[in-house]
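Chain nomenclature is as follows: A, B, C, D and E, assigned in order of appearance, with residue numbering initiated at 1 for each chain independently.
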Amino acid sequence: MLKVAGLKAGYGRTQVLFGIDLEVRAGEIVTIIGANGAGKTSTLRSISGLTQVYAGEIEFKGRPIRGLPPEEITRLGLAHCPEGRQILQRLTVEENLLAGYLPGRGRSFDEIRTEVYDMFPILRERRHSLASRMSGGQQQMLAIGRSLMATPELLMLDEPSLGLAPKIINQIFEIIIGLSKSGISLIVVEQNAAVALEIADYAYVIDAGRCSVEGGAHNVLNDPDLKAAYLGA
Amino acid sequence: MFDYFLQQLIFALAIGAIYGLIALGYTMVYGVMRLINFAHGEFFMLGPYVYTFIFSGLVGLGGLAPVLDSAIAIVASFVIIGLLGVAIERFAYRPLRAYGRLAPMLSALGMSIVLQSAVRVTVGPQPVHFPAIVPSTPVAALGGMVTTVQLGILAAAVLLMVGLTLFVNGTRLGIWIRAASESWTTSSLLGIRVNRAVSLVFFIGPGLGAMAGIMYASYYGIMQPTMGSVIGLKAFTAAILGGIGSIPGAMLGGFLLGAIETFGTAFLPILSGGLIGTEYRDVFAFAVLILVLLFKPAGLLGETVSEETTVAKKDY
Amino acid sequence: MGNPVIVRRIGLLAALALCVVLLALVPKLPPYYVRVVDSILIYIILAVGLNLVVGYAGLLDLGFIAFYAVGAYAYAFLASGQFDIHLPFIVILFIGAAVGALAGILLGFPVLKLRGDYLAIVTLSFGEIIRIAINNADDLTNGPQGIAGLDRASLFGLPLTSPVHFYWLLLALAIIVCAGVYYMERSILGKAWRAMREDQDVVRGLGINTTTLKLLAFALSAAIGGAGGVIFGSFQRFVSPESFTFQESLLVVLIIIIGGVGNIVGVIAGAVVLVILPEVLHFAAQYRLLIYGIVLVAVIVLRPGGLVSPRFNLGFIVRKVRSLWLSPSKT
Amino acid sequence: MALALENVSKHFGSLVAIRNLTLSFDVGSIYSIIGPNGAGKSTVVNMIAGSYSVTSGAIRLGTTELSRLPKHRIAQLGVARTYQNLRLFDGMTVLENLEVCFFPQSWISFLSGTKRLGKAERLDICHACLAEFHLSDVADVLAGDLPYGRQKILELARAFVTQAPIVLLDEPAAGLNHTETKDMAAMIAGLKRADRAIILVEHDMDMVMSISDRIDVLNYGELLCSGTPDVVRANERVQEAYLGTTEELDDIRKLAQGRRAQGGLRSNAGIVRH
Amino acid sequence: MTRNRVLLSAALLLASSVLPAMADDIVLGGSAPMSGAQAEFGQSQIDGAQLYFDQLNEKGGIKGNKVVFRPLDDRADPRQGTLVAQQFCDDSAVIGVIGHMNSGVTMPALDIYSECGMPQVVPATNPELMRMGFKTVVRPVANDFVQGALPAKYVTEKLGLKTAVLVHDKTVFGQGIAGVFKDNFEAGGGKVSGTHGTNPEDVDFSALIASIKLENPDVVYMGAGMPQLALFLKQMREQGLKAQFIGPDIGFTVDFITQVGAASAEGALMTFQLPPYDSSPELKDFSERHQARFGRAPGPYASLGFANAQVMAAAVEKAEMLDREGVLAQLHGVTVDTLLGPVAFDENGENTTAPMYLYVVKDGKFELIKQ
């Protein structure tokens, strides 16, 4: 589904990624873990066209997408739910969903909206309130729901559990599993590595802009060295 | 005295409606680009000229019913000036996006000079009579006199404002514009073609400006190449007063500025016992603006962004 | 080519000598050209002053010409038959600067809390308020009629009458202002301003009162504007509100942006271009303003960062001179 | 000199970020504040530094109440800080980034020159500081041009150059690799002085555990536990708050397994180290 | 930097090569705002002068020499005005200047012209200008004193109107002329019940008119430019304010009546320096030539520009030497029949017989009021 090879990227003169290789196969949940600032977010931003890519290949569904503007990448079915949720605060819940809806991908707005509301009943309840009035957890749900409006085939979630209470975090992870079951491939970037590894199939560990370790998620979770290094235990 | 007040209120509403329409263009462009579009007043000025050109062209070709000719000319002016706005954004502003905010502002200033001079050298500097689209008949209302033109302006402006509000709040394109105003990055991640949203804004803003220009010319009976400078600045003030970036703010600011000016003229000399004459009207308007900003630093309906949350480090 | 250092030294010396010779030759030009150069110098002084606020402190001031007006009217009040006060030029120069600074602080207070564009419109309003007030205060300022027949200025007994006299005066003042600002830019104050422009929040976190910093920028820049106004008044020997329109404020802002914000060399280049351009375009008659506008847009689209690269600043020139001349071993 | 938070609360609208927090920090030690994301660690730092106002309660430095003072006054009284995301003056040189810290603190001292360091003196201090932080070689380089790791160190240097008695470090190890983190930890440990309190907000447990004299664990804006690294490490509630409870994890695990059962995925691939 | 040098040298080159003239051509300068808000008035004046010089050249110029008219734009900016003045002074080929239109621009320029002995015909009408003691300058057109006095006398004496409200645009011209009207109106026994200032570029006077309506004056005198005069009168009539409207010369154009509308304009009084365009063959001819040359009816100041050019040409014609001194020697003593009628100057350089005519709008046309 997605192949990234030798990705180097950065902001102006400051390079932050020094060669990332990763792959996502159809139906998988891939997690990217690593220290804060190691380059996890930059990896996602490079894939979705937000960060300047210096070198490397990015292929989505067999098609090179490096250099495409973010909106065109999204329109190909690769959605990115950014860090910090980035809800459009001045819009209502439903307007946020409308902003995320892309016509021409075969499904009507009403159809997907109903699905999203079924998945997150709280959003239906508060559909007309301003997004800025929603709590952190609700905003995260809205962010995920909004990404779904683009009918993505691959969804990249950046820190979906950031700043959320454990109970909500668990809900979010359950939703992620649900999304996967419905056929969407996922990349999940998480600081909460322990849980991320529990639900993921495959994991990449990023360290200082490089891919240092990869492997089946369970194996990573159970590796004593990695446990010590990344799981804080 | 109450009749006097009502009479003045009517004047305030008519001029305020025009200010508000122009202010909308400033505020929309500012919303998506954070740009003070100094050229906006010129779209206002171009409106009646383009209208006259098309209208007389239609009449020259034999024409249809005068009402139809007018309607066609109005719509065509909107479209032509909207497209001009899009083209100007494309060539004079877009290349400067990466260069902070002063460079595009300067470019806008230059465009303003270009547009105004271009009209001046093609049709001459003199004011030209602009025949009223609606014949002006006085109507007694509210104890004062309203002309049909004033009523027409008010109706048309309110119609356009309501239309714009519905468009921006209720349609997908409108939502895209609002999304782009809030965050280009997030919008692009949602698959919104931000450049098209920007173009759309540069179509609607100048188009509305042109509509305001036609109303204005029709109201006062003249058009002239310099007519956009002063009123452009005033409308910009109105947009700031309402909170730049906010669409309802621009409308409110427009009506408010109209009211401040009108009532300033009407009541300053009376209330100050002749001490402060009408020539201080603009001082009064600016003083009100400064006062408002002292208490509401982001205008009446603008969002107060606390400095801690402002991510943009370099303002200028 | 022998010793490259020596070659470069000679080149540098020649360049500097050329500058000095060019400056010394200006009085030999026909008076019209001297007047144009005088205009350029006035705008350099104004733009360097405004640059303190726009370029260093990062605040867009669209009402700068108000301080210029304050200075010019200070000269008109204190050196004419208007109130029959006739103070010496040099005294008024300082008074003009002081009154300008005061006006700057007055404007500074209400606007400090405002963000960019709101600040811009408030400064614009301030400029307009000052102009309209001057235009309306007939008893004080003769309103739109202006004040004519201002005293001929003299400096230390030397009369200042011809454009050439003013050339020397303006040149001296321009050099003083540029040198002063250059020194300030390199002082800790200049560094604090730059830091504030980059991140005002962090600057506050370092224990620096940004309110003070901003007020200081406003006051200094307004003082320069006021001094410029005094000279303008004594040069024209006539002041009227139409010299202090919003367009003039914009022109000074344009000079800064066209040249390169925050860069004295850029400001000089901007003043040269924007003062000379309309003069050159006289031949175009009614097309003059049109061509002016087109050139303006073209310049900014082609060189959005300003005509002069930020690297090529006064500091760069000074370093170059130092490294080549004072310590040749280091090249 | 001691910094004390007394019954401090902070509300953002309806959200309670900090609830009745009481903490005190004495000079001479290194403190760490840890806790899950959103627990209020950064809020505490921002309140001490004056970036956020305090909803109720008081923050005192010695006998002075900080919580009502403007930010620059707090800094002048001796609270220096770094930021979670790098906030250097990118367009200024490394040396200038430090020099700015010595800007005269008031009009009076600016004009009279009292309490004002001479330029030479100022530069001496800055150069000494650069040497201490191994930055002398890049003194004239623009801060924005430094590699990430050195920018982090420069920000650290900027917090220490004025010898402030209270230094707040907001995630100094964020984004650093293991070696850099270790160096950073050693550097911070070496900055411990009898007249200085260092307060650290950090996610990196190795660093926190190795250099802290006391660790305060926040959860939901309240103090969950406070004590030496050993005490904190042993505390079950801390483990829970950080790793989540086992039952909840079990639920997710079950769901995940149900999904994986479909097969065809790389779940069982071995570990590859690059 | 190279770019700047190129620009600079190009600038100097171009500036020195503006419109090259032949050796024995007579070069006359002219200056008025040709861009910016006042371009319309400035351009009309320049057009008028150009028209006369063209006419002159068709007939073989002056003493067989072609007249080259060189208009420069002063943007109504005093600083620009001094630059223009200096430019004319520096060019020894220029032996006379018609300029400037604005009193504020003329004021600082007078100094420069007098210093280089430049014969100057000034179109600006502020009375102050000719009292500053400059000997190089004459003014053929009536100053604001004459223009303000005439209608004041007429309405008090002939119409017996008692109360007036003054409106002016706070410019030198508008405020000055309104002041003159006031003095004369009051001297004639009238009472001025209010004076209102506006901004030069205002177009909406409705609020002001409503407040004037409360005072209900017999006369409204407006000292302002165009299109403000027309806009004011139109809005005045729309609000049903019936007072006698009076305006200055600048409104004496066909545009005024079209913009106000014939019905609303009916009865408005306007002063002008010229008899009606159809009153003499010269004027008729002027009007037609203007239409033919520029494709439009004479602008507000075109005829004045024409007359100023006539005066300047007459002085050149009489000059013994075709240089500044020669022209200057003749300037004050020149008597000439212009569009304005006969012109001769007093010791200050003011036209001794500067005529002024009062017109009333009748049936959509200006009609002369014979006194």
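Note that in this section a contact is a pair of C-beta atoms (placed from the backbone, for glycine too) under 8 Å apart; a residue touches a chain by one contact, two chains touch by 3 or more.
Chain identities (UniProt): A, C, D = ABC transporter ATP-binding protein; B = Branched-chain amino acid ABC transporter permease; E = Branched chain amino acid ABC transporter substrate-binding protein.
All figures in this text were calculated on a predicted structure; none of them were measured in a lab.
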| item | value |
| --- | --- |
| For chain B and chain D, chains touching each | A, C |
| Of A-B and B-C, whichever chain pair has more C-beta contact pairs | B-C |
| Farthest chain relative to chain A (centres taken as mean CA coordinates) | E |
| Chain A and chain E, separation of their C-alpha mean positions in angstrom | 73 |
| Distance from chain D to chain C - Cα centre to Cα centre, in angstrom | 44 |
| Distance between the centres, which are taken as Cα means, of chain E and chain C, whole angstrom | 35 |
| Separation of chain D from chain E, taking each centre as the mean of its C-alpha atoms, in whole Å | 74 |
| Two or more partner chains touched - positions in chain D | 51 |
| Per-residue multi-chain contacts in chain A, two or more chains | none |
| Residue numbers of chain C (touch at least two other chains) | 135-136, 198-199, 201, 286, 289 |
| Chain C contact footprint on chain E (complex, rising order) | 1, 3-4, 7-8, 10-12, 14-15, 18-19, 34-36, 39, 43, 71-73, 75-80, 82-83, 86-87, 89-90, 102-104, 107-108, 111, 126, 128, 132, 170-172, 175-176, 197 |
| Residue numbers on chain C that touch chain B, as the complex places them | 54, 58-60, 110, 113-118, 120-122, 124-126, 128-129, 132-133, 135-136, 197-201, 246, 250, 253-254, 257-258, 261, 286-287, 289-290, 292-294, 296-297, 300-301, 304-305 |
| Residues on chain C engaged by chain D in the complex (per definition of touch) | 188-189, 191-192, 194-195, 198-199, 201-210, 212 |
| Residues of chain B defined as touching chain A within the complex | 169, 172, 175-176, 178-179, 181-183, 185-194, 303 |
| Chain B - residues contacting chain E, complex | 4, 7-8, 11-12, 14-15, 117, 120, 124-129, 136, 138, 145, 147, 216, 220-222, 224, 226-227, 229-230, 261-263, 265-266, 269-270, 274, 277-279, 281-282 |
